[in-house]
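Two complexes follow with chain A in common, the first pairing it with chain B and the second with chain C.
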Partner chain A sequence: MSTTTISPGLRQLLGEMREGIPGGRVPARIFNDQEIFDLEQDKLFSKAWCFLAHETEIPKKGDYVVRYIANNSIIVVRDEHGNITANLNMCRHRGNMMCKSEMGNASHFRCSYHGWVYKNSGELIGVPMFKEGYEGQLDRSQWGLVKVRTETYAGLIFGTIDPQAPDLEDYLGGFQFYLDIYLKQGLGGSEVHGPPDHWVAETDWKICAENFSGDGYHTPVAHQFGFHLGYFPSSGSTHSEGWAVNIPNKGHAIGLGHTPGMPAFFGYPDELVEQMHQSLSPEQLEIFSKTRTAVGSVFPNLSFLIQPFSLDPGEPGVRFCTMRLWHPIGPGRMEMWSWCLVPTDASEEYKEAAYKAYTLTFGQAGTFEQDDFENWIKVTRAAGSTMARDVEFPYVMGLERPKLEDFPGPGHAVSPYVTDTNFRNLWSTWLDYLTREE
Partner chain B sequence: MTLQAAEVDRETRESIKDFLYRESLALDEQRFRDWLTAFAEDARYEIPVRVTREKLSEWELSPNSRIFDDTKETLEVRVKRLETDFAWSEQPASRTRHFITNILVEPTERADEFRVLSNCLVYRSRGDETTPSLFSAQRRDVVRRDGGGWLIVHRWAALDQAVVNAHNMSIFI
Partner chain C sequence: MDEESAVQDSTPAGPWPAPGALLDEVPRDGGQEGPIIIANEFADVVVTRVYTRNGVRLDIWSPRRGTRVQLDAVELDCLSYQPTETFSAMLERTPGG
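Let's turn to the complex of A and B:
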């Protein structure tokens, strides 16, 4: 499948990066480069498990959403049997786009060009002039929509276009333990509050993915207003406290920030905390009960954040949870989807409060979100400049930090929360994909 | 809505138009504290998420997803933020120009409140970027008589883009 040839210059860059990462050096150029983008399309997004949708976006038979894997438009549907299935959004006859809307409900898809009709699960069932034109000589079973392999974990639907990809369980490699903080908020799990915010930005997706792999370091500066005005229950002096955990060679990572003296599970309603004592394991409870901020990413580009926000300075406030997809559409350019996940079994009152906290902080007009993208477009612009092609960034924070041997969760855990440990693993995993021989 | 002229007297219509122009001028001049005074204490400020749907779908503007979902209290949080030295998304500040046109004033069930429809185009220029952000929206406001002036009780603005072509929305519509 791979067609991209790596230029000698790029080969050298990736070779130097391989040598540089263990010592904490990453080249700036990877954050805005056409060749890197092309290689990622071919060797990363065409090989990894890519996030498509949350099951609660398509609750009823016939519900569908249209999403992407690399630059492929994919229809994700709950078929007439209730099964989740995904197909390339392209008519097999002459390639027209089947679904032109972002979401909807349909039992069948009919092409607007020559009228081929497919079941929502992708089987071709209707061909105009089947007798007169094709004289019955078209084997409809051979010309269904192109299938995409899907698997789910706790409501998350992933797809891959690599038939050789390992199972999702293997791919996640234990990161499920940490995903549960977002996905098992209570016995009923989590659901999307509604359709996602959706926008484009002149930003390289990797900057965002790294930030959400546990960049607690930026928070007191990039989001200083939140500390300053008391809306965010942490302080600069203790903000480094907590854990950073990654799954070695898988790329997944999470930062778990603590606020000393804060009660367990603060900001969650009591009934939800009671439910979490049943939905989570003792090891998960031990970690999550202390967590103020959980900022994590499934490699390569799906991220999550739980954090409290309070309109009354000094109060614990309300927890909200966002899930976001950083989808590359060009070097230094991305399309962004951002959802709010709410606990399915929580009261409507809590769901609304959590959603309002989300829109005020991490929706497209969110006060935290605004500042992040303002920084990220500037990083992207600088990384695309000619002098930046020879510049490296330091990833040396926590280089000597030993792994916590008694940490109750899987993966490589270190403390404090503020460290580059997760990012070194992220970029070395990314490099594994880009340099993997067929 | 009928194609015939609304039953609102000319003086009221002109007075509301004048108010909305002054309100948008406060935004364009970055007088955000002044701007807040345009809103009633019980005001709502909403920008729904638009989703591309088939033509006959039940909705295209999400009934439950919002880009802005604000009260006067949360609008004030945003303004307080802009008044700190750490509102990086507006450092340096965006240069905005609000173009408000096609204003229609309709009566409501309350004698002191009017529904105001308008088209709103916001041009935003940032720093040395030569490509501006353009936000085109339909607004449906409800304004309430307040002494000799007006207060916005409800601002509802629906952007025309389903995928918003801007890295953030650090401005107000």
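Let's turn to the complex of A and C:
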């Protein structure tokens, strides 16, 4: 149930934003504000399908990871029968955190406070001094861990704490078509390569989510070293080329950048390309074969990027894929998870090369990552300043651009790739959540 | 295998532990013979193969709890076909809080 009260000032801001978005105006204040953060916790992250984990992070019975939905710590586990389940990470006795490790393997969880023991699937089974203290009167079936609703798509485990939320298929609304470029890289799908990088960043999650909803505009500037030194197969003169696609009123979006003359499926090993002809539809093949960069986000805060990158400047690029979660922990502050996804059926040599390309570019020490966060931290700081409270940003790029009626994929597609079209849909969807009445 | 090499093979596992006895050094990865440390954030045990005059058992020692048990092949075999509910039932009866 929604509990956050919207102040008159915030109500006015959101009302003005509603009027401003169609004309391409978004207020700076939303990118670093305590009231916005509180409202997002209550009306967005408590209502949306939030990404929890990839199935390959918990491949064996008893494997678990600890993640979040809004400010709720969630245990995501493969139970002793092989089923994936998620529970609130809180002992039902006095509320202690059950799992303090970020990941582990356990058949049962034992609370470190009074020693209550649960099956890893969440049922309470062991209560110290059950006879002496409770005189056998505690109904253990009533005091299991609090369940979280989960659904999966192609290895991605999502959870929601809204019992009224539509099913995940509805929520994704056709964006699965584009997710497959990351998740169906071959017949075996994709898997995580090692544990995620995980750190705290002084950045508002929305800046990152917007960037990964198809911001090809920043790349030749923020990441110019990649162009100039020959790491990245694109050039400033043609970098605007490609498509931008979003799912209207769902918030999901992807940018599909092109490089003129680039061979189809450049940077993938031949055997994977052969498999993709079986794992993907003809429409997907038509779009993905031409794509150099695919940078997309599942609303609200799960993002992906796939692109070629040269391990040695001037050498042919190798495709790498990163998946990242921008988890807000305060206004202008977030926890960052970053994974490398590799094709399950690829050779070990290719997986290692792809992982090397990932670590050169992304993760805490990655070159692209440092370029981005240096900018995003400054944007966040500026957005929280007092004068910025009345400042708006222009989101007018591509305002009159027509929808591509013959585009073979779902959603609203435009060309070229460099446009604010996806972002206007992103912020209007975000606004829908924040202003939705109960 | 001659008698001398058989003795050498069994040496790293050590003698049958006295009741309640604790290892006197930090356990190490003992390879085939143990000790092997199995731990997660909820419990940790040290597992070692130990020899009787006429056979072998698996010693499971819980350093934090100070308990240990020596299981023979029949008991271990029996564990191998228990459903997970058996262990849940054991923890229900004695949760070890």
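Just so it is clear, the second predicted complex is superposed on the first by the 432 of 438 C-alpha atoms of A that agree within 3 Å, B and C clash if a C-alpha of one lies under 4 Å from a C-alpha of the other, contacts with A are read in each partner's own complex, and residues count from 1 in each chain.
Keep this in mind: a contact is a pair of C-beta atoms (placed from the backbone, for glycine too) under 8 Å apart; a residue touches a chain by one contact, two chains touch by 3 or more.
Given the structure is predicted, the values throughout are model-derived calculations rather than measurements.
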Which superposed partner A:84 touches (first chain B, second chain C, both, neither): neither
Which of chain B and chain C A:325 touches, first, second, both or neither: neither
A:359 touches, of chain B and chain C: first, second, both or neither? first
Chain B versus chain C as contact partner of A:208, first or second or both or neither: neither
Partner chain in contact with A:100 - chain B first, chain C second, else both or neither: both
Touched partner set for A:311, first chain B, second chain C, both or neither: first
First, second, both or neither for A:119, with chain B first and chain C second: second
Residues of chain A touched, compared between chain B and chain C (which is higher): B
On chain A, the residue positions that both chain B and chain C contact, one per complex: 100-101, 104
Chain A partner contacts - residues on chain B that touch it in the complex: 47, 49, 51-54, 57, 62-70, 73-74, 77-78, 80-81, 84, 86-91, 162-170
In the complex, chain C residues that touch chain A: 40-43, 84, 87-89, 91-92, 94-97
Chain A residues touching chain B - in the complex, by the definition given at the top: 100-104, 193-203, 222-225, 228-229, 231, 311, 335, 355-356, 359-360, 363-365, 367, 369-371, 373-377
Chain A to chain C touching residues, read off their complex: 80-81, 99-101, 104-110, 114-117, 119, 123, 125-130
